[in-house]
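A short worksheet on the structure shown next.
Chain lettering (A, B, C and D) follows the sequence in which the chains are written, and residue indices restart at 1 in each chain.
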Amino acid sequence: MKDTYLLPKDLVAKTPPMGWNSWDCYAATVNEEQLIGNAEYMAKYLKEYGWEYIVCDIQWSDPVAGSTDVTYINFAKLNLDEYGRQIPPVERFPSAANGVGFRSIADRIHEMGLKFGIHIMRGIPRQAVHARLPVLGTNTTADRIADPFSVSRWNGDMYGVLNTPEGQAYYDSIFRLYAEWGVDFVKVDDICNTNMYPHNPYSAAHEVEMIARAIERSGRPMVLSLSPGPAQIDKQWHLTQYANMWRITDDFWDDWRLLKEMFWRCEVWCGQGREGCWPDCDMLPLGKLRIGFHDPGMTRFTKEEQRTVMTLWSIFRSPLIMGGEMRENDDWTLSLLTNRDVLRLIGHSHHARQLQRTDSAAAWHSYDEDGSEYLALFNLSDEEQEISAEIDFGGKAIRELWGRDDLLTGANSARIPAHGAILIHAK
Amino acid sequence: MKDTYLLPKDLVAKTPPMGWNSWDCYAATVNEEQLIGNAEYMAKYLKEYGWEYIVCDIQWSDPVAGSTDVTYINFAKLNLDEYGRQIPPVERFPSAANGVGFRSIADRIHEMGLKFGIHIMRGIPRQAVHARLPVLGTNTTADRIADPFSVSRWNGDMYGVLNTPEGQAYYDSIFRLYAEWGVDFVKVDDICNTNMYPHNPYSAAHEVEMIARAIERSGRPMVLSLSPGPAQIDKQWHLTQYANMWRITDDFWDDWRLLKEMFWRCEVWCGQGREGCWPDCDMLPLGKLRIGFHDPGMTRFTKEEQRTVMTLWSIFRSPLIMGGEMRENDDWTLSLLTNRDVLRLIGHSHHARQLQRTDSAAAWHSYDEDGSEYLALFNLSDEEQEISAEIDFGGKAIRELWGRDDLLTGANSARIPAHGAILIHAK
Amino acid sequence: MKDTYLLPKDLVAKTPPMGWNSWDCYAATVNEEQLIGNAEYMAKYLKEYGWEYIVCDIQWSDPVAGSTDVTYINFAKLNLDEYGRQIPPVERFPSAANGVGFRSIADRIHEMGLKFGIHIMRGIPRQAVHARLPVLGTNTTADRIADPFSVSRWNGDMYGVLNTPEGQAYYDSIFRLYAEWGVDFVKVDDICNTNMYPHNPYSAAHEVEMIARAIERSGRPMVLSLSPGPAQIDKQWHLTQYANMWRITDDFWDDWRLLKEMFWRCEVWCGQGREGCWPDCDMLPLGKLRIGFHDPGMTRFTKEEQRTVMTLWSIFRSPLIMGGEMRENDDWTLSLLTNRDVLRLIGHSHHARQLQRTDSAAAWHSYDEDGSEYLALFNLSDEEQEISAEIDFGGKAIRELWGRDDLLTGANSARIPAHGAILIHAK
Amino acid sequence: MKDTYLLPKDLVAKTPPMGWNSWDCYAATVNEEQLIGNAEYMAKYLKEYGWEYIVCDIQWSDPVAGSTDVTYINFAKLNLDEYGRQIPPVERFPSAANGVGFRSIADRIHEMGLKFGIHIMRGIPRQAVHARLPVLGTNTTADRIADPFSVSRWNGDMYGVLNTPEGQAYYDSIFRLYAEWGVDFVKVDDICNTNMYPHNPYSAAHEVEMIARAIERSGRPMVLSLSPGPAQIDKQWHLTQYANMWRITDDFWDDWRLLKEMFWRCEVWCGQGREGCWPDCDMLPLGKLRIGFHDPGMTRFTKEEQRTVMTLWSIFRSPLIMGGEMRENDDWTLSLLTNRDVLRLIGHSHHARQLQRTDSAAAWHSYDEDGSEYLALFNLSDEEQEISAEIDFGGKAIRELWGRDDLLTGANSARIPAHGAILIHAK
């Protein structure tokens, strides 16, 4: 059956996006050198495995972000143009001088065969509002399109935008600029779960629609990624129509409790992904992390836990966005990102479903386009244990995709270390 | 792509079931004459349009149900066999004598080319528990498999069943009996939303699994329908694996407020139906209702509202279960149930999605297998109004499927009476 | 037993405050003439009955408030001094010229033997923050003491103040000014129920403490009144320590549904009032209302409902704050405010308790200091009915305090019109 | 001011009750020997300090309780009389033979100068209901007064009683029996917080009223104690009218987390106690515990924590009900129960209020009838620390009531070990 029902937005992200994002390693301090350096690494080592996006995360318009503290500065002075639009400051992005913005960085990344993404906060800078700056393409000023009650609970830079033609004009004006820069991916923050009002975490739904419309009007396809989570499952119908990926969790970090909890989150969103629409488990906190947090170090996940991350994200088909400074990858970390058999699930598996979940174990099953099957078994307990699933592969040949056939105790069972995973392919 | 991933339960209900249920007209008082009479009507007038199930609703094992009151009697004396299994009493079902149970009724319905369904409450009769009756196929007694804390909030007949092998044996014993009777459809009540514990309306999930297993073990395919609602959207992953249909609403009746609210419920469940799995908007309260409630009369819905029911249920692809006494259908009511063009959506449409919903209007769109498209426009306000949708049918030919082309004001717009609906087919 | 345990704040409001507030009649548009005019009326007609406060409600620092619209203007330009403190603008308060502020108005009201109150929003003006104005008595600026995430949900003027010594200095600076002006009563808004964060409506508790401290430091006793409600009963322990009165309801207006609901609110707060601490049922929407809302008219309450308001507020011992433009009082309205027998309960009754409450009736009982007893019976239904309470007055003499002895059918029963009340005194 | 407003129920428990309860040491297995043995101990060692109640806790009508397991047995066979009333079985209470019931035990305890209490579950035994036993003093049977939907969530013995005259007759019949036995105190369980329905933990309020009425009708004063908690603060108005004490917490045990949490609970209920009405922090898990749980041992609280328990309960004026097997008290445990200066607060302090509470410290203050003052300082952290309160005792003499003057660092400050408390008396 031909997919005649694809929305325009679904022409991108036909499979879960794979890329890199600066937050986990550089927090609010990311700069040009880091973006280009990681792009070069990706082009050299990872591109052939499907990795393609390089995404510059939050607070890039603040010339001094992170200089004094790792948290955001209240009432920070952002770098704005005369229309209140955020512009990368030359202090951190030298090639942005002379009105070039992110164009030069995007060009270089495109030349490497990769794609470029940026982060934005939903809304318009408070600084533009209180200075009553003009809104491009309108006769109005920023204070007339801003909602003084629509404020993030964790970053004080912006006011939400009112659902009016002038408000839409503002969003059109920033996405036209991003299209000129050559942006391929936009991570919009404080929008998927605003927590602004009791009982309505998705209170900025109209801004999702305005942004989706602005992207379409910009003429340039861009992946629309919504943060932070958790997204609400009862809004799947809306997210599916307007966005390409949405976070199903609050920020994910290298902490076993968060990873264990992700099994519950994936359960809830089981079956909801399809072309152009991907529930997102958040970045992979692997390799070298927290440099910009003044607390650098390799991931705190054990190797077993790291395989569990890669296995769950893959069979669930979450977007895969590497969070560590890739130039500091060790062999182990690189091996996780280049296991072709595991990564195949991102692009070629379907109908994943959770077979069971208890406090101590979980099992997922899915199919490959070629008719073969996958079974992932997870040990969620703190002790090694035997785990099996009620599934019958007939006489199919069995292989463990992390090279751990020795752990198998049958076609659908294995002896798995604490917090570990095995991924069986039955062909 | 072949549906290799169909679960055994998905071999039934490949499209949304269509049938009749006794509750809306006969409440707890339904009897053999009424079941057979409605079956004969269905065979004669409706079968050719796809209607096939005749379902006997609640309290059929109570010999005197409804004799004194329309509500349930506390600690009613049910008709049980020596294993605590409910048996239709001859007072209401004469053909049940001599251990025949529902077999004779099912046979006659099958001979008409139709299928037969029954209602059960989740659990085991309290009467069996306090009498400590044996559980068939075990060495234990009813009081050992019952959970004294698992009680319905609205019908006092049963205790929930513990998740043990002996508990499973009980469920196996009743479904084996239903298979012997020839039951094709089981509506299980007090299971989809038990409201038993704060924050866990789906607290009887293990009984859903036990019942699904008992059906499979019975050897006879049966549609598994779960009530009452609202089902929880965050349990779609579980419902999808074990049930064929589940109520997304509490009891639906002929009240505009409930119908208007259904638009919100359908929105939440938009996109969740597929072969073997159907979110259920509940019975159609059309035609002659409330006979068993001592308050007989035709539906209180206006004709516009009745078309709205049929249109929403059809484009959403809810199961269609007629609630009125069909032998009292007038021409209008019959016409609603025999509009082939509208009913085609039940079996042949896909990818329905809500385009918009406000307090005063809603619009849904879907595709037909043949590539044509459907657009339903709903006037949710109390005044006639023009309603349109942002959709472009190119040059396709437009037709309104309720014969109201005169209301159209364009290919995607119409002037619609209060509470009314139009259903456009673009081919 | 001597009340050695009185807190400093309890030296004011030893009985529930009685006064007038400008909101219900003048909304955000109140001016000097209206304040003085109502004060003169009170001095002449009501003072002898215990009424004493004249309170200027919200948005008085906005020179053009209400000029274009009855709702607040986003990013309105407030009249501030060089330290970001709001100052009454001469456009609306001519006597405020030359730095006099509210001093002249307060003086005149004091000369009449009355007391003067003002409304403030919790926090510091955003306008001061984004202009980075200095905070009096510190070396810091407004942007350093403001919390960008602490914003009202319904008025965009202010940011909450951080719980720091500099934040305290700001509050000290404004209350010192109010003391200089001669303010006796401060209604602080957006503080009792901020609704800012899920599960924490009392999220500005630290600002309540800061304000209480600032009042004490100002050297002038002032009644501290907290709005809006509903206050949370689980914070009674905190409110009791820091405030003199706190709203137990959202804004109350002349709508029967709100009045009926107040019975439930009074039930919850039954027994919580004491010297210096009064749960507050909000203003009395009686007489001429909504002038400043461009919708002037007499109260929509029936006479029965008006007696019900006065009876419930009195036996519950709520503060009594008249909301109507008093100069437009008709004889009936004035009679409600001058019933000495009823008003006696405000100052002299104790141990009020609800005897019963159903959907159709309520009964309250309390004692007078002189040993006599009160019984209030309320008809909450839409039909006249006989209402009685299980209470035995022995041989005490019975009198109805609204002059309606004819409605009594016994010492503890009466035939009461729909929505009406009777108030029995047994002596 | 004379307390003319005392309710009949307030004639008992004029100060917080002090006594012993069998649960913490004997669970569901308590017997006659244990009751009498602890009574003798109390009479000898504790009576002079104010301790007086001996309370027999749950499941005493079950002849075999605890024989196989420490949890309740589903559908246990209770010892009932012909009217469905629970009777102590001779297997556990030999003196109950020949229809004596608890009379003999009560007599002996009274002779020691003490008082006797029993535990009951709200409702009527299911066993009586399904056997359709007669209700004493009526023409009806148990199944007609039972509510099949009103069941405890943790003990399956009972059904709730309908709010009808016949239901009242049942409660009257059991309390008349208790009066005949000589019961002075009734702990009613599954009534203060039933958790039965979402959003209505106090769903059995009508049974509280029925029981209070039955006590009054019995002609014998009995303390009415409601369990389990947490009680809802928004029901203080109802609890105050009908009960003498009510649990503000779920079961309290010797676990620091529960003790730390109690500070929050006491904060919420601060100021709510008065003659006849006492918020209850639950039993004191001190001394020898868990004998009936097959896990005997001394309390797991450290000595510091034990002093914290006694100090908080005393200044808050919670009922003091010892939970340990008193005959196994060591000197330390006995010293806790016989500190006259500390216990004086139970009977003679007033107007306790929390001065502060953070995650690491708390402070409470109250007055003695003699005008002196108390200050309790609590270290809630895991490290020793200096703690002080903003309170000024003028020149009053300071003494620490646990004999730890050496820890004082000032009149309102002390250096306190982890989890410890000091109690200052300023006279």
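Everything that follows uses one rule, which is that contacts are C-beta pairs under 8 Å (C-beta built on N, C-alpha and C of every residue); 3 or more make two chains touch, one makes a residue touch a chain.
Quick caveat: nothing in here was measured; it's all calculated off a predicted structure.
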item: Most distant chain from chain D by Cα centroid; value: A
item: Rounded Å distance between chain B and chain C, as computed from the means of their C-alpha atoms; value: 54
item: Cα-centroid distance, chain A relative to chain B, in whole angstrom; value: 40
item: Length of the line joining the C-alpha centres of chain A and chain C, rounded to whole Å; value: 50
item: Touching two or more other chains - residue numbers and ranges from chain A; value: none
item: Interchain pairs in contact, sorted by label; value: A-B, A-C, B-D, C-D
item: Chain D partner contacts - residues on chain C that touch it in the complex; value: 1, 4-5, 233-234, 236-237, 240-241, 267-271, 350-351, 353-354, 367, 369, 371
item: Chain C-facing residues of chain A, complex; value: 74-75, 126-127, 129-130, 143-144, 146-149, 151-154, 156, 195, 197-199
